[in-house]
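Below you'll find the structure I mean.
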Amino acid sequence: MRFFSDNAAPVCPQVLQALVDGNMLDTAYDGDRWSKQLDGRFSDLFETEVRALWVPSGTAANALALAALCPPHGGILCHRDAHIQNDECGAPEFYTHGAKLMLVEGEGAKLTPATLNAALGAIRTDVHQVQPHAISITNATEYGLVYTPEQVAAIGDLAKARKLGLHMDGARFANAVAHLGCTPADVTWRAGVDALSFGFVKNGGMSAEALIFFDTRLADATLYRRKRAGLLLSKGRYLAAQLLAMLEDDLWLDNARAANGGARMLADAAGERLVHAVEANEVFLRVTPEEAAGLRALGFDFYDWGPAEARLVISWDQDAEAIRPLAEAIGTL
Amino acid sequence: MRFFSDNAAPVCPQVLQALVDGNMLDTAYDGDRWSKQLDGRFSDLFETEVRALWVPSGTAANALALAALCPPHGGILCHRDAHIQNDECGAPEFYTHGAKLMLVEGEGAKLTPATLNAALGAIRTDVHQVQPHAISITNATEYGLVYTPEQVAAIGDLAKARKLGLHMDGARFANAVAHLGCTPADVTWRAGVDALSFGFVKNGGMSAEALIFFDTRLADATLYRRKRAGLLLSKGRYLAAQLLAMLEDDLWLDNARAANGGARMLADAAGERLVHAVEANEVFLRVTPEEAAGLRALGFDFYDWGPAEARLVISWDQDAEAIRPLAEAIGTL
Amino acid sequence: MRFFSDNAAPVCPQVLQALVDGNMLDTAYDGDRWSKQLDGRFSDLFETEVRALWVPSGTAANALALAALCPPHGGILCHRDAHIQNDECGAPEFYTHGAKLMLVEGEGAKLTPATLNAALGAIRTDVHQVQPHAISITNATEYGLVYTPEQVAAIGDLAKARKLGLHMDGARFANAVAHLGCTPADVTWRAGVDALSFGFVKNGGMSAEALIFFDTRLADATLYRRKRAGLLLSKGRYLAAQLLAMLEDDLWLDNARAANGGARMLADAAGERLVHAVEANEVFLRVTPEEAAGLRALGFDFYDWGPAEARLVISWDQDAEAIRPLAEAIGTL
Amino acid sequence: MRFFSDNAAPVCPQVLQALVDGNMLDTAYDGDRWSKQLDGRFSDLFETEVRALWVPSGTAANALALAALCPPHGGILCHRDAHIQNDECGAPEFYTHGAKLMLVEGEGAKLTPATLNAALGAIRTDVHQVQPHAISITNATEYGLVYTPEQVAAIGDLAKARKLGLHMDGARFANAVAHLGCTPADVTWRAGVDALSFGFVKNGGMSAEALIFFDTRLADATLYRRKRAGLLLSKGRYLAAQLLAMLEDDLWLDNARAANGGARMLADAAGERLVHAVEANEVFLRVTPEEAAGLRALGFDFYDWGPAEARLVISWDQDAEAIRPLAEAIGTL
């Protein structure tokens, strides 16, 4: 019974079916009829003109977005616990050609105007220090918290005032939107976001993520960067088809709601043990090593998060029946 | 009736079935039971211990291999018409952090010791000129010619004598081996190859290529480079499964033989019109613009290759019946 | 008797004196009273507003200029024999983060609209090929030929039409201007040049070259790139002072005229042996190995240039008396 | 009366004289008779075989050293207040092609095995996190504290045990050695240092710093990196001559002793106002804004260091007479 990662979940049937359906014979790379629909379909979803590129990983989406927003000699403000800082083996540095991640504080891996201003205030504005060019936030955060449209907009205002680009790492964007109940537009471009890494793989996809540019001028150079990085797959239509299948009938939102619902069940069972509010599909639990071992002895698989915490991640395919045993086990700790 | 690219072909059924079969629930990234089989399966195939990494594109495989063989301040000798020079938007430069491709001559995009020595002889050995660190050859070449084991070994000997690494771009390695009838070992490590980009996508796969290190010491750092490039997909098991399906019962070789056979049919029909010998699955034809237009009017789709040539590429799924109409049309030109 | 390089010459007295004069106590880096004069002094010289940065080498000036004009995924058109291609160990690739030098033909290392257009015409305009973003020309060229204002303007027009930046490597810019008798403006910005590496070290300086931006918008980011490259010397005033000394009373032009005059003497003696017209301070001579050995036996030091040529370079400090013995020796070959 | 930077001081007479003396006519770049002496002279000084390269800035020395010790996908442990992190505009990231600086705590900008182990313990050893490859320490530190040979050796032992390279930023290495009274060997290679940026410019030089490799295998590739970075000056002999002049009769040590002595005078006057022990040529003083303004009104020039501190730096040329007025002014605060 796996709760260690939503990357461990299988691909959802509609996505697999899209790959099998029909004979996906077409032009190579991204000239095919599936890839060509992406700009339009995502523009509809976001109620504005966007440019949408498939890429095979979230790390690739993040790194390409940051390279579009920050020159090699610039800096990117992000939370000290951000995925781009801790879990991408320096991909931002590779794609930006050596820009510096500037680490910012904040509860639950959330940035605020206050913590951003504190960080910005400590940077000298001379040629000897790297100057900031962009901010990157994660929604939902690495601890499963969700920025509201208002919170994003406050950061977006600060970014605009400081002439900084704003990137959102949306590896679990679907879970954030499912939690908020807002439109995807409200929590992105309407709040000042320039580029979004829109995650689909954790949410039921196989190998396709979407990189969305709200500042559409950033897209053209990124097409070259994507190719140059070996990320322009020769049968890209199989990636485009995955994204289209996820958009169809709001499958992406349904899957996210399911995962969030499972997390809610665990959160209710966990009560005071919760380290963070549970707003998406991750649950951080205070447990002793003995308690963690006890849960594992019952067959539950999850990661420790430091010495006295456990991280439980719920996937799109885990329904109430799959969650209940763990909820009960937590309840009886 | 498509003859413009083997990237346009659909995925072969066994590969698709591998993705659908069973519930591919497992550890994220490359810790799963499919990915873990790759070193062993490819070691068996190559009759020596190799390290095998999946990557989502041939450009990625090439660029990672070159980065493993050449430092940022070094140079890579390759043919003037090589894919890495003309069709990867600078991926080798990106991954190596600025190494220089040193262009070498040769008939049919094939390097020889003679043309390599000519190029090497023109390089001053001082600190003001970039010094060569590696050679990259393509087998089958960009013009569908195949290096024999002896030809590769002659280059391998030169590489060893000059302390240069040797990379083989095997986007159509299967077609080369099918043509040669040798073992995969004979035309690679036994002939001095250090790293091979082993292509599967053009040959029936969906999104997985294999990067094979015969010099296994190169693999460890490449794991970090792969991650850092956003190429370590979070559900990597779906890539590993494709490779395993292609290896099963020599599917990769059967597919290549089929495509080569189709090219043979066209070559026989083309006779004196052939620009290059037809050894793999590509046919280059001398045609006037009017003749090319005539073929297109009959429904055949292909690329012009300069003003008076056409390139015809046959895919794994095109059987005699699919080829015959074009063979007949060429015969009646 | 040295004729192998103008880098071998000593520093001219006025430059040395400037370093000794007074107590050069002032702010560190480039905030001092000497550095602050550069923009103004060079703007006067060029009769337009420019931004002028000192750097400690011509390679640094070239590489910074190219990085300002070309993104990492772009290409730079230059002559196959250009210094940036053959003599800078990949500095352009390092500073641009992997842009590709696109080699162009041309007599005497000079580009023309015709050879540029031929090169441009061979580049496919798709995402798989590196796209050109800049042109770099050398004036005087690596073979001592000088582009006239008209010739530069023809390239400048082409650059503008194609939206390419135009860089001039002016390691021997002084010699070119001395030959032309035109204003520095005529052969640079008035002819479409965006950035100039203005060489002073070969012409009597010690360690300071000037990077001139006619497109002044390029300068600000370059300040960061210069620092980031370790090129912002902590006592930069000693570099600025060298440049100011060279500008004083047109010392730069006098020195160049002297060197050109010496080359003229040799050219007159060489007659039919000349490989290229002698327009600056370099003389390329057809000589047999025996003749070359004979000259060396007489004490003349120079480089072979291929098997049957010699390159003779005259420095600012070599007057008629210093040249005459070699002129006579050549005359009696 | 300047106390804001030792970079503001003039060049010392012996160095200037070396540039003026004789006719520095010789081979270009680093093939001259001065440059060729460096390996030998520094090997003598360090009592072991070293490789010594001149470079024109301390940032260049640091960045080249780090690039030799750390691959692009690696990390470098350094103090949070290190010059390489805060004052080089990302030079380490540029030269290493994107390695990550990993910030470590420590009093007075000094690392200890304890703080290093704490930082190392927080790094997961998987492919998703950047792995450390080197440690960089500054001696004297950014706050004027000096690592003893024992303290360096403790870090050297840790580095060796963890297979990390060890770099010392010795922008004020002379001041450190002058304070310690030990041999240069004791506090470098005997304590495990692989590469040293040996600063001369702050200590009386004009534009030459030395990059010393105790691990001599690192030098060869660095020759290419230096050229590629535009740091191989064409009249390098003028840099070599500066270094030789500084080594002559221990001028470097005399100059450092003089500066340290000046700092000692100020420290004695400052008493309880000292923020850090004064071991080199920097004095950090607790002062109110009013007191700082008062000192400035008296003609003393220095930098504020945060809201309630002043940094006073003493240069090689400031003797007791030059220091006394400030010492007295501090004493009467």
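Residue numbering begins at 1 within each chain, and the chains themselves are lettered A, B, C and D in the order written.
Following the convention adopted for this analysis, a residue touches a chain if its C-beta (ideal position, glycine included) is under 8 Å from a C-beta of that chain, and two chains touch if they have at least 3 such contacts.
Nothing here was measured: the structure is a model prediction, and the numbers come from that model.
A.B. asks: Going by the touch criterion at the top, tell me which pair is linked by more C-beta contacts: B-C or C-D.
C.D. replies: Looking at B-C and C-D side by side, C-D shows more C-beta contacts.
A.B. asks: Name the chain whose C-alpha centroid is most distant from the C-alpha centroid of subunit A.
C.D. replies: C
A.B. asks: Averaged over CA atoms, how far is the centre of subunit A from the centre of subunit C? Could you give it in whole Å?
C.D. replies: 50
A.B. asks: Using mean C-alpha positions as chain centres, tell me how far subunit B is from subunit C in Å, no decimals.
C.D. replies: Each chain's C-alpha centroid was found; their separation is 42 Å.
A.B. asks: With centres defined as the mean C-alpha position, give me the subunit C-subunit D separation in Å.
C.D. replies: 34
A.B. asks: Quick one: which residues in subunit C touch 2 or more of the other chains?
C.D. replies: 29, 72-73, 88-90, 94, 97, 127-128, 224, 227-228, 232
A.B. asks: For the complex, give me every residue of subunit B touching subunit A.
C.D. replies: Spelled out, the residues of subunit B in touch with subunit A are 2, 5, 7-11, 16, 19-20, 23-29, 55-64, 88-91, 94-95, 201-202, 206-207, 224, 227-235, 238-239.
A.B. asks: Which residues of subunit D touch subunit A in the complex?
C.D. replies: 72-73, 75, 86-90, 93-94, 96-101, 127-130
A.B. asks: Quick one: in the complex, what on subunit C touches subunit A?
C.D. replies: 29, 71-73, 97, 127-128, 131, 221, 223-228, 232
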